[in-house]
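Both complexes shown next keep subunit A, but they swap its partner, so subunit B is in the first and subunit C is in the second.
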Partner chain A sequence: MSLDEYRKREFKQVGQRVRRPDGVDKVTGRAMYGADATAPGMLVGRILRSPHAHARIRGIDTSAAEALKGVKAVLTGADLPAQEDDFIRDVQDNCMARDKALYDGHAVAAVAAVDAATARAALKLIKVDYEVLPHVTDVDVAIKPGAPVVQKGRSLENVPAGMSENVTSHCEFGHGDPAAGFARADHVVERHFRTAATHQGYIEPHAALASVTSDGKAELWCCTQGQFFVRTLCAAIMGMEASQLRVTASEIGGGFGGKTTVFIEPVALALSRKAGRPVKIVMTRDEVFRATGPTVHTSTDVKIGMTKDGRITAAEAHLRYSGGAFPCGTVDMGAQAAFAAYDLEHVRTYGWNVLTNRPKEAAYRAPGAPQSIYAVESVVDELCQHFGLDPIDVRLKNAARKGTKSSYGPTFPDIGLIATLEAAKKHPHYSAPLQPGQGRGISCGFWFNFGGNSCVSLNINTDGTVGVTEGNPDIGGSRASISLMAAEELGIEYDRVRTIVADTSSLGYNDVTDGSRVTFAVGLATIKAAREAVRVMCGRAAKIWGIDAEAVEWKDGAAVPAGPNAGKFPPMSLAEIAAVSFETGGPIAGHHEVNVDGAGVSFGVHIVDVEVDKETGQTTVLRYTVFQDAGKAVHPSYVEGQMQGGAVQGIGWALNEEYIYGADGRLQNPGFLDYRVPVASDLPMIDTVILEIPNPGHPYGVRGVGETGIVPPLAAISNAVSRSAGIRLSELPMSPPRVLKALGG
Partner chain B sequence: MKSIPVSTTINGDACEFLCAPDETLLDALRNRLGLTGAKEGCGTGDCGACSVTLNGRLVCSCLVLGVEAEGAEITTIEGMADGDELHPLQRHFIDHAALQCGVCTPGILVAAKALLEKNPEPSDEEVRYWLAGNLCRCTGYDKIIRAVQAAAAEMRGA
Partner chain C sequence: MRYLAATTAREAAEALAAEAGVTRVLAGGTDVLVQMKAGLVEPDLVVDIKKIPGIATITPEAGGFRIGAAVANAVLGEHEGVRALWPGVVEGANLIGSTQVQGRCTMAGNLCNASPAGDAAPGLVAANAVARIAGPEGERDCPVADIPAGPGKTTLKKGEVITSILLPARPARASDAYLRFIPRTEMDIAVASAAVSLELDADGTVKAARVVLGAVAPTVVVAEDAGRTLVGTKLDEATLAKMAKACEAVCKPIDDKRGTVAFRTKTAGTLAKRAALIAYARAGGAK
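Moving on to the complex of A and B:
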């Protein structure tokens, strides 16, 4: 058995609801976020953005801005290098337009000045000569031949001939023969759905402080989900060697996928290089909405056939996603996730990515899955209503389980869907009586979860404490989880361990904090680093005792002789071994570097009760319960927090949040007043039930938990609305005007 | 624009600073005084991350001018703990895992303290409506409401 694999064990530290190590800093205002840092001689950077959805840039005259007193540098796309690689070029072009502005809010120039007022004045002096071009902001319009073309020459070879040049890629997943399956169904439902683009809505706007010195070295402080990936992107854009650019991740004020790439970081670096001084750029909220990653907006057709006893005979989905003005692979994940919860003989999903004049999509919690699963779970629910079947029973009857060939290819190992559905079915919420006018909905949700590159150093200090150095920004308590796993493996108390997040010069490469990977993958690397330190400590004890290293084992935080033949020595604790380490061979550390495989998929089921006000069209969420498989909940409070936070973001998506574009192609609601995220008074408590079906690919059974929670609310609420108000909506959000319209008001 | 001298009291200490006539109190606190605990999430009074109290009244410091602090008493998150003794709200936020990323936390703590000073025994609904101006995108508010209620109970001696 590989050491990666799960082994049943009793936990002493893991599973405890400990205090997070960054808690005091964060409740006292001491924690340093992106905008909180300063540097000597720092300049203020500001960015000029296109007011047009689509325009050729014929020229930019920066002379008046450059002449303004206090302006130290002006930057345009012409200052950045030509890039060979498509991916890097898209990232760079999104940070600073080259020859075309591709969406309202696209950066076209930047300045660095002695203060904000001067920088703002300088932006007004920059003259951009635009040739306004026809634009397209809707996926269903952009996909048609004859639509304005956002970028030419970006279609992959697998796009069928005859489609608009805006279609950049096509994907297809599935198995069996759907036509044969539909023929066996007692009823087939086919529906069309649309979902609006939403924004991650992190409360902290992007911020970066860059300092490039004349010897070619650079320091970058920024709020990011992945400082190593920021280094990769910025080094490529700046033409720098990775070793010369040190990126430090600040505390991060929310990300949800939206801080997995760069927007202002290369601009701040380029301005700093030009000005010869540190430059800080902090986005306004308006800039965050107009120029950072919203989700894809989507148009979907789903067709499902069912027998009258509730068995699905075939399923098919056609997904059209738009990730804005640049090619985007999110539709592939949507197509793979769509039917993941079902054990199907005949299933097929087809996906197309379509360019529109909107900001470049960035990942948002389970990217691509909420949209496709919303459509699928709505149709499944309609079939349940048609046959008068219980929605959980139907899902149990068709649920993916161990050995199921998934709709996207792999065969599932141990998964927790059936246990999760059964927990939902027997929960008091599911059988609680409803008042007239109230409706209850359920939906399944799914996310793959990622593993990825992870690198951990674990130092045994001479006083018996332990320092863990990892490379993933802590967004929701991961330092506590990593410390818990280190303490568990070493057999010491949690408060003896302190975990810190390293900059890019202090540790090997770590993938971005995404895909719900950190507690799983960095946790695995931490456990293995601890095992390496244990091996060294056993060797030191063996040396002291004068026996073979193989004759020593680690038990309850101490080295002990492995058996009666090894000799009779009292246990030697971690602290005792550490205290004499300088005499036994020097400092003790363990480290581990790995590209982790074996992330376990996570399923969730949500139950929601709603009431629709038929006069106003407002939907009130009355009661909400989340059931989710965590594999093993390392810190249960923060697992619950992920489940609750994901559910509430999904509630916002279902009911209110949307990017609204005018006929002029401009974003109409770039602020929290008009882009309405859920507030405290909108919501009930979000009850949670954690299931623990161990992931066979992690020593403690851990699965990622961060993303699945945003998936089910979209359909669960739509299904509840259909039972409350007798109307089935097929477009999100179900905002009051849309509900009123469906009610015939 | 010529800077204006402002004399004020912040977290009980006398304080003087210069600021531009159009400069917000938030910018003055953060950029001139180094009090970066209050955050700018929107700059338009929609998110509450910059909450402070001005003469006892809860305000969004992004909607107050620095010059309005003249002669006033301001409290910020940096003044909430008594030395190394955390305020019960701060302690319960940590114990109840009522923060994830933590960027909204200073504003929510300042707002919650202002609530409990007016109403030591609020209902859950009163807490939710009072905090409706403080956006949190991570937690779904559940644990925040529970932490505020636990702190309120402790402060009442219940």
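Moving on to the complex of A and C:
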């Protein structure tokens, strides 16, 4: 693990709130999103989806659709190859059902036609012979023996006997002896919690344009968080070599983790191959809700023991997550994250993933953590109320710190939890008076963060400007941050650098934009690519001056002799070296590729004030402050935006957002009218406080900031509701009907 | 699909009557176009009524106002005369959709869409508004209360089009108010709603009251008993509690994704109480 990357330094570029490079294109409508791609002769692709939650597909008659004038290709699961690998097969089967439709909205066939009206008409002509099967959409029902089985034979060996075949995996983390710890507690609270599935709610629906030519090459333009992973999946599904499939990521209108896999991309490719023409598929909002990744929905039991002075003696959690109709590992992350904020002697978490007839889970900002930490932070708060203790003091007393053996195994290096809690405690918000009927809640949050495969090219142009080529779609300001880090390292101004996101044929593999990894990991690769370019530029200066390359160093954007013994030469700036590069050895570039380790974990603390209308059960969020450790905020405005965005999504999750299934197993609210994300007028200004506790694993101390912010709102709001209305809810969302019922209304 | 921009009400009515297939009347289009885009309806004939002379105007009539069927709710909301006379009707109409939708949507359209949760209907019914209807056989007037027949259904006959709505005159010391419950603060559909229209005596005693509930039954519900409860009182707490109970008694809501039976019933009473107090204050009742 690389924990010695960080060097303290004075920053000139990093930390500036510079103009964002995508701003003008986005506000003028010029930015090219997924649906903006076009190609000559392009066909319209449309997908037929199952109206049943669970049904065997006995047969599909596509003959009438194929005979319709203007239809150029019809596709079913039978057109796609059998896959050996479980993971690839699940992705493929989710894109196009094979033997069974596993959830309402599961794709069962697709058409490509000359226009949308013809494509729609063709879908109506496809006859699917369904044998409707019993379905199950609730995790607590699906886990019981005797529940309808979604997929047979998917349980791993570690699943205990006696559970439904829907249980696909089991995990366990922790240390110590919880039973002994509980025995030492003055009070033990054990509670059951449930959280609804929520959708990432990105504004841009999935869109893809595929063009497969007769010589076997293919181009794919799509809206994704990871063009390289799209290539991996699509090449496997299409039986293509990676070199023959070029994937270009569009500008992206939100992802939040939900665009880290494929849904329509292989379908567009397969239709294009069959039709011999380019095919574009754009999802409707209804399709986005029914067939792309929501989160897991969960059922959790948490038990925590505490002494009367606020020391936690033991903690335990049982987590039952359902990632829909396919095996899903998110419960492992929930189980690992649950107690990460605490320094515990006795702690244990157990997790089970359970199949249900719901769409396949896709990642959503800190996947798995908001749900388990909501349950833990609710119980901690109840214990604080029981003993009359200050909730921040209790968390400080038990906080994980440098040297803590975490509840999931590793020992923490420098982390920012205590500093974040102390900042929250001394902030004016925490001591501001409340009116009668108002309540204040707090919660901690945590996310691991990730590094991963990263590959960056940095080119020094002859006019003294710099181009950075990276491979991660920019969903949160990474282009600005990468340019800032390149400018910092090279000693030039930010506006001399332009960063672009390359297609899969232009750069080595980059992991998906996920795990809050890009500013950290791609930033690290950029800094090292810049150092490589600096090494080359020092060499060129040495050549011009006729001295050894080792006798030249880089200072304030220029090559200078390393010391008095090196000789007396005036500094040569980057622009001066670049201008003569063709005479000194050719173009100048730096490159770096690495699988980055050392992503620093990130902690956050949220404070929220709410008021519950006791006659309607409606909760109004009055004031909200986010405290989060960013390691080093490369572009503070973007960092604040991440903190605010996470908080807002968490507020929606806490109060109104949920997947609602009817008794028929169909999704009742596949649209933004009844899937209620907060609108601007629902929210107060989300205040932010950035903490900077440097990550030892990054040259500038950067930690990922994208995900932690969605973790604390769930419990913070529940804790505030408890103090406003005197009721503790244990199920999300805390929608008005549910709150009014709890109030006895 | 055929599109006809009618230039007279009779032309619109005759075209709609003559069409054997599915027809839709287009005013603002904020329901029709959304439903077409979602594939919920594929009309054979769409008749646009916006080109009919006078259909987008507000005209004083007999101390009240005649509101053309194509008057956008944003226009209604800027009309000082209507706002002063029937503020509750206007606030209901102005709650529909977003700012952009307000620029297109109409009260007549909201009525014809016949959602039990339509925000314009309760206020119009509380106001005893009257719709003017053009049909193949000529014109007729019909109380707005008699237009809704159930979710998505109206009592309008084939070929009939609402051309205007008359908000009647009212005495001094009278006003109205509309409140709805939504889980958000805007861009939503009522889970329960209540319109209350009051007339007061010189001393602030309620002389006449009409309480109308939305989203708690297949159509808007006139809560007759609730209205009677208020008459002869100055809206003391006991009266309001009794009125809320009377509202609850006439609720026949459904359990669905937007709310439970219990929640809708309780909330309708709460909203009626709150709306009554607002209407009372607007009518000049001291509270």
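We adopt the following convention: the second predicted complex is superposed on the first by the 741 of 745 C-alpha atoms of A that agree within 3 Å, B and C clash if a C-alpha of one lies under 4 Å from a C-alpha of the other, contacts with A are read in each partner's own complex, and residues count from 1 in each chain.
Basically, a contact is a pair of C-beta atoms (placed from the backbone, for glycine too) under 8 Å apart; a residue touches a chain by one contact, two chains touch by 3 or more.
Everything quoted here is computed from the prediction, not taken from an experiment.
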Between subunit B (first) and subunit C (second), which, if any, makes contact with A:Arg56: first, second, both or neither?
neither
Winner by number of subunit A residues touched, once subunit B and subunit C are compared
B
I'd like to know which partner A:Ile203 touches here: subunit B for first, subunit C for second, both or neither.
first
After the superposition on A, what does A:Arg120 contact: first (subunit B), second (subunit C), both or neither?
second
Can A:Leu673 be said to touch subunit B (first), subunit C (second), both, or neither?
both
Return first, second, both or neither, reflecting whether A:Glu615 touches subunit B, subunit C, both chains, or no partner chain.
second
Which of the two partners, first being subunit B and second being subunit C, lies in contact with A:Lys555: first, second, both, or neither?
neither
Could you tell me if A:Met685 is touching subunit B, subunit C, both of them or neither one (first, second, both, neither)?
first
Of the two partner chains, subunit B (first) and subunit C (second), which one does A:Gly645 touch, if any: first, second, both, or neither?
first
By the touch definition at the top of the document, which applies to A:Lys741: first (subunit B), second (subunit C), both, or neither?
second
Where on subunit A do the contacts with subunit B and the contacts with subunit C coincide?
673, 678-679, 681-682
Listed in rising order, the residues of subunit C that touch subunit A in the complex are 38-39, 181, 183-189, 191, 256-260, 262-263, 266-267, 270
Applying the document's contact rule, which stretches of subunit A touch subunit C when the two form their complex?
120, 286, 615-618, 655-656, 660, 668-669, 673-674, 676, 678-679, 681-682, 735-737, 740-741, 745
Using the touch definition up top, name the residues of subunit A that touch subunit B in the complex.
17, 19-20, 22-24, 26-33, 35-36, 117, 200-205, 251-256, 282, 284-285, 475-477, 635, 637-638, 640-641, 644-649, 671-673, 677-683, 685-686
In their complex, what parts of subunit B are in touch with subunit A?
1, 20, 30, 35-44, 46-47, 49, 76-78, 80-81, 86, 90, 93-97, 99-106, 109, 124-125, 127-129, 131-145
